[in-house]
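Next up: the structures, one after another.
Below are two complexes that have chain A in common, paired first with chain B and then with chain C.
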Partner chain A sequence: MKDSKTTKASEVRGEGMLTRFLRATELDVRVLGMVGALLVIWCGFDIASGLKIPNSGLFGGSFLTPRNIWTLLVQTSSIAVMTTGMVLVIVMRQIDLSVGSMLSMVAVAGAVVQVFELGPWLGVGHPIIWIAAVATCLLLGAAVGAFNGFLTAYLQIPSFIVTLGGLIAYSGVAFLLASGVTIAPMDRTYSIIGGGVPQAWLGPTWSWLLALATCVLIVLGILNSRRQRQKFKFPLRPVWAEVFLAATGSAIVLGLTKVVNSYPWPFMLIKDYAIAHHVTIPAGVSDRNGNAICMAGGQVVRCVDGLIYYTGYAVPVLITVVVGAAMTFVASRTKFGRYVYAIGGNPEAAELAGINTRMVTVKVFALMGFLTGLSSIIASARLDAATNSLGQSNELYVIAAAVIGGTSLAGGVGTVYGAMLGALTMQSIQSGMQLLNLPAAFQNIVVGTVLVLAVFVDQFYRRRVK
Partner chain B sequence: MNAPLVEMRNISVSFGGIKAVDDVSIDLYPGEVVGLLGHNGAGKSTLIKILSGAYRRDSGQIFINGSEAQISNPRDAKAYGIETIYQALALADNVDAAANLFLGRELMTPWGTLDDVAMEAEARKVMARLNPNFKRFKEPAASLSGGQRQSVAIARAILFNAKILIMDEPTAALGPHETQMVADLIQELKRQGLGIFLIDHDIHSVMQLCDRASVMKNGQLVGTVNVKDVTEDDLLGMIILGKNPEKAA
Partner chain C sequence: MRKALTLAALMLAATSHYALAKGKLIAVSWKTFQEERWKTDEAAIKAVVEAAGDKYISTDAQNSAQKQAADIEGLIAQKPDVIIVVPYDSDAILPSIKAINDAGIKAISYDVQFEDPSALYMSFDNVGVGRLMAKTMLEKGVSKGNFAFIKGDKGDPNATFLFSGIQEVLAPSIKSGKIKVVCDTFTDGWKPNNAQKEMEQCLTANNNKVDAVISENDGMASGVVAALTAQGLAGQVPVTGQDGDKAALNRVALGTQLVSIWKDSRILGKAAGEAAVALADGTPMNKLKGVTTFKNGKHHVPMNAILLAPDPITKANLSDVINAKWVTKAEVCAGVPAGSVAACK
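Let's turn to the complex of A and B:
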């Protein structure tokens, strides 16, 4: 009570610019903090890598180049997709340690279907093959997840134990299914989902159109919510804050599109494509060794005699964005999402309010399994192979991403976009250290430290606010 | 007199070897407030949780408006118009007041999504009646004071047109002003014809608010008396000694 009085007094005058800005835009300080940390990490790695070997990045390094940003987004996809589900699991005071092993098991099952079962029967490249493989992965994932949820909710076995058992058991199943070997290659259409082939790249035109459509959606969304609040005469955000949010959102979308649209295809693929499609190759500029060179995003790249193609957004990145939007919708706009948060906040109150908490638990785990199935498709398609070690340790990265993104293990608190930012942060640190040629063991030390540090900062902030 | 709104007949429940409620029968009529009194562990809360569906009885019957009711979970109880305001103020701390008000019975848009704006509008309407000072609709319940949380809990019950209201120590966490507010509210709901079970430790407020009082001790019913016919000392005797007053039968 005393607190609210003091805030009121400060509202009248002397309130800081930042506080007023945050109140008007209703932005979460912790998300802003995370975006800030991410920018610092990005710039830091660009500067550090530039000191080693100068390149065309924003600060003279190789981190903030279109090529690295593009790769970073594709690399983050698999973990980011799973972490959107893990947020809900953790918010509901549960945990799923089995996602890594489940990813391997499901990916191997999908690979067995396309390579050993349908491939020889229907003939390589038949369109049913990739559809069947995708359906297998998604359905198997959802079923295994629902099974985890059933054991947790109805047989009352703690989810930590259920999924710890799953972590061990599912990797065993994966090994048996694959007979311990690597299954490759995947169906041609299936591998598009991994983003490693030219067919998986949207190209500049479609990327720009998609970006514009997204900007329109952002503006429409803000207008719609404003109209709703007007209808019921609720307090409105100031107009400058609405404009600021729309402009910032659009700027991020357009800026990112500009970046991915300046990443050219690899040299060899352009050559293959030109030959296969009988493209007339214009005369280009050659470097000292006689190789053709082109400019791409301020960077000199090898190309085929002045012929250059740009990638634009890759399929797995689009899948991740769609999953992120869908899961944000589920978490904030549906009954199911509301119940997940209510159960996380006070399981007893939720039960007494008449919520079927057991059913919600099963659904959350089934959703987690479905998303793991989706990630298994992305991961195996990207590698163009499936092995029983494909998802090894993924559960730890997925949980770490959710936690770095502000999800509280005590339950009730966490956001989908925060967790996705967490996944991007972790992947940035890893790939940055790879650019600096630091050994893998060192990368593990840093990622582990960042996880603990992120939670410490978050706790510290929360205590200060309260 | 009409049929009782609620009749609980020969209810028993045990946990492990302990009989928490032992062959207890109580009833409640429309427009009546029945107080449930007894020491901690006397079985009041357990008895009431059977009616609200949180616990399942071992034996006995429940009649609502004269016909037997099957209540095996909180959803069943709500279907009979039974709303409960719990001692622990059962709110989900991480979601806001409007979301708590509608928890389990959310308003939806025609597209099947949560209609948060409509829920906030309804919440503002009901709170304007209950607690006009309440303005913190957008903040998580954790940041509300005891009285504000209580008004949210009561608003929940009112919003869904409860016929039978169970209040488990509704004023335990409240200051004097808020306690008076709850007392006024109980009178108002009584006039509207609701039946209210009021669990309370404070004999004074029971004398003030209730029409009848049922006293429990060690899981058994000591007796049910008309509050007008007894003194506070009589009630104390029932609670402490398990002895019925001589003049009231």
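Let's turn to the complex of A and C:
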């Protein structure tokens, strides 16, 4: 604490415990607020869904179960990936309304490549097919994004108009590419990216190893940042705050891993897997009526006690986490990221400081397009089909998630992890209401209200702080 | 008095026409040719009309109510015997229909209903589609247990039409407790990915104890089947759909979808052509083959109607869609294990 002048000064003024804690840990109070809100939402839905099940106790609902948390993470993936890009777009004082239609268009293009073009030519299941489809989606997404950026930056058309045009036009292209038909099923390897098949589940061993590696990275990251600060004589966080951050971060990672590692494979899949791989089914696997079954003399019979597999992390969730980490790095640790925030803070000053603002704009839109392409892969692989309605109105959810996550439409302010939390919050509300079997129209009302409320609370907080 | 005279004259003229079996004029006012399907309908109608030795003329309103009114004036001037109308706007068209009636020409309301008591309404029976879904489920899927309803968009009257047919069939079993409705939800924009999320939450809420899924179309069925696949339940839990989507017919062959209710617009076109020829030859409207009275439209106007029964496509009759050249055998049978489905041999 000796190293930190600011901490000392604040202590002198005799601030409250919470303020001191926030200052020492450098945590954003809005992020804490959102985490709190998320916990309230989760517990609320669990209690509400528990009321429907007699004698289930206070937290006996179906929301806070490994299965639902696991599903929730997979359901959030597609939107969360796009939000990480949308944060940069909005921070730069631009907007991208075309991501939903672009997702449909890119997904249909990828599906046309794998099902209509390469499938019949190379034979269904050829490994080139899924690679080509993935490449098509990513490249097409990036190219269309760059085109949006070019129109905005070099032809000086406001991005609102450019991407509004895109919203309308790309959905037309999505329709024409396959004359409106649903294309299904996707390539078997490609569909792994969606997380709906056992091959897409990491299993407990790998999930734990990954979790431990992440914890090590968290600790190393904190140590590295401390060393950097010492080197440049920046104020340091007190040691207890550093330890607290490392411990909390690791606890969240390990806790989440514990949760996804305790979601067992669906019964039927265990049975199918065991039969296909000649695993002896011990007693204790249940069929879909909940009766325990086992294998005896090549026959599936009823019995007690035995074989179980756990899912662990699903591929789309891993992709989302990696994208989130990479985008956080890009936003906060690279020259490009600094430029984006500088342009958002004051475009004229950034330009005068010698930043090629036009080029940065094109790059940000291209990055947004690339992430939309990635998201289209996740979405179509998960549905195991591509339709021209796949991404419809996704742009609204992506922008709403970024805004709920603390991104300011005035530019210059916003974090990648905040936006991802925003996406998780919105999906939690939707999934929770679906779990309670509330009508879709009602869900829309609640999500819309939450969006406005989140911005109001944010503004209120900022005014209070001033 | 003058009106009565005109009417008498017209009736005389009409009677004199009866003698001629050939050379009638059948006109069609299409609302648009922008969507591909109407060309399919037209080909079917034209083939029937020309095979009967009659003449076919048509106009295209290009999605405009005004243009359609002008089109119909033009058609009336050519003195056809029957005008088939696909209204762009089923209310705005009514004055034009009155003009057709006043000219003593028979009108057919094709696929989209306009409510005029003297016209003939021809369409597929949407309530019937719902009935067929439920019936096929009871007969070929499961007839008791936990049912999930994945309905279409709340704003689309078809979603409600379908559901009233579904309920009609299932109500007795629901009442007696044989069927328990565990999930019942409308789906924004009929979107497959919304249906997938709904099905995932439905399975979570019921701990996978879902025995049947009534999905109101094939697109949503794709989402439902994706959710079931992730739980290893695809093929165990029967799923319905409609539209005869290629992907859905493939699922029927693979066994992951029970039925896709198929409405072949070529059959509707053929039936309309036959009805038009018969009307032109003087057959009274209420004596046409398969005619019934329909009064469940928006304003409940009773009309003579020919409502075609759609064809429920299950594994057993997949050859119907292949023989009708709706889809190719390769499309239907992609990935189907040899010998498991008769139509794929």
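Here is the rule we use: the second predicted complex is superposed on the first by the 428 of 466 C-alpha atoms of A that agree within 3 Å, B and C clash if a C-alpha of one lies under 4 Å from a C-alpha of the other, contacts with A are read in each partner's own complex, and residues count from 1 in each chain.
By definition in this document, contacts are C-beta pairs under 8 Å (C-beta built on N, C-alpha and C of every residue); 3 or more make two chains touch, one makes a residue touch a chain.
Just so it is clear, the model here is predicted, and its values are computed rather than measured.
Enquirer: Looking at the superposed three-chain arrangement on chain A, would you call chain B and chain C a clash or a fit?
Expert: When both complexes are placed onto chain A, chain B and chain C end up side by side without any clash.
Enquirer: Tell me the contact category for A:Arg229 with respect to chain B and chain C: first, second, both or neither.
Expert: In the superposition, A:Arg229 contacts chain B only.
Enquirer: Which of the two, chain B or chain C, is in touch with more residues of chain A?
Expert: C
Enquirer: Is A:Leu390 contacted by the first partner chain B, the second partner chain C, both or neither?
Expert: In the superposed model, A:Leu390 contacts chain C only, not chain B.
Enquirer: Per the contact definition in the header, classify A:Lys335: touching chain B only (first), chain C only (second), both, or neither.
Expert: first
Enquirer: After the superposition, just quote the angle formed at chain A by chain B and chain C, using C-alpha centres and rounding to the nearest 10°.
Expert: 120
Enquirer: Have a look at where A:Pro185 lands relative to chain B and chain C in the superposition and call it first, second, both or neither.
Expert: second
Enquirer: When the two complexes are placed on top of each other via chain A, what is the minimal CA separation of chain B and chain C in Å?
Expert: Result, nearest C-alpha distance in the overlay: 39 Å.
Enquirer: Please report the chain A residues shared by its interface with chain B and its interface with chain C.
Expert: Touching chain B and chain C on chain A: no residues.
Enquirer: For the complex, which residues does chain A have touching chain C?
Expert: Touch list, chain A to chain C: 49, 62, 65, 67-68, 71, 75, 124, 179, 181-185, 195-197, 265-272, 288, 379, 382-385, 387, 389-390, 392-393, 430-431, 434-435, 437, 439-441, 444.
Enquirer: Under the definition above, what is the set of chain B residues touching chain A in their complex?
Expert: 52, 54, 73-75, 78, 84, 86, 88, 90-95, 99, 103-106, 108, 112-114, 117-118, 120-121, 141, 145
Enquirer: Given the complex with chain B, which residues does chain A contribute to the contact?
Expert: Within the complex, chain A touches chain B at residues 1, 228-229, 231-232, 234, 329, 332-335, 338, 341-346, 348-356, 412-413.
Enquirer: Under the definition above, what is the set of chain C residues touching chain A in their complex?
Expert: Touching chain A from chain C are residues 36, 154, 183-194, 196-198, 200-202, 204-205, 207-209, 218-219, 222-223, 225-226, 229-233, 236, 245-248, 250-251, 334-335.
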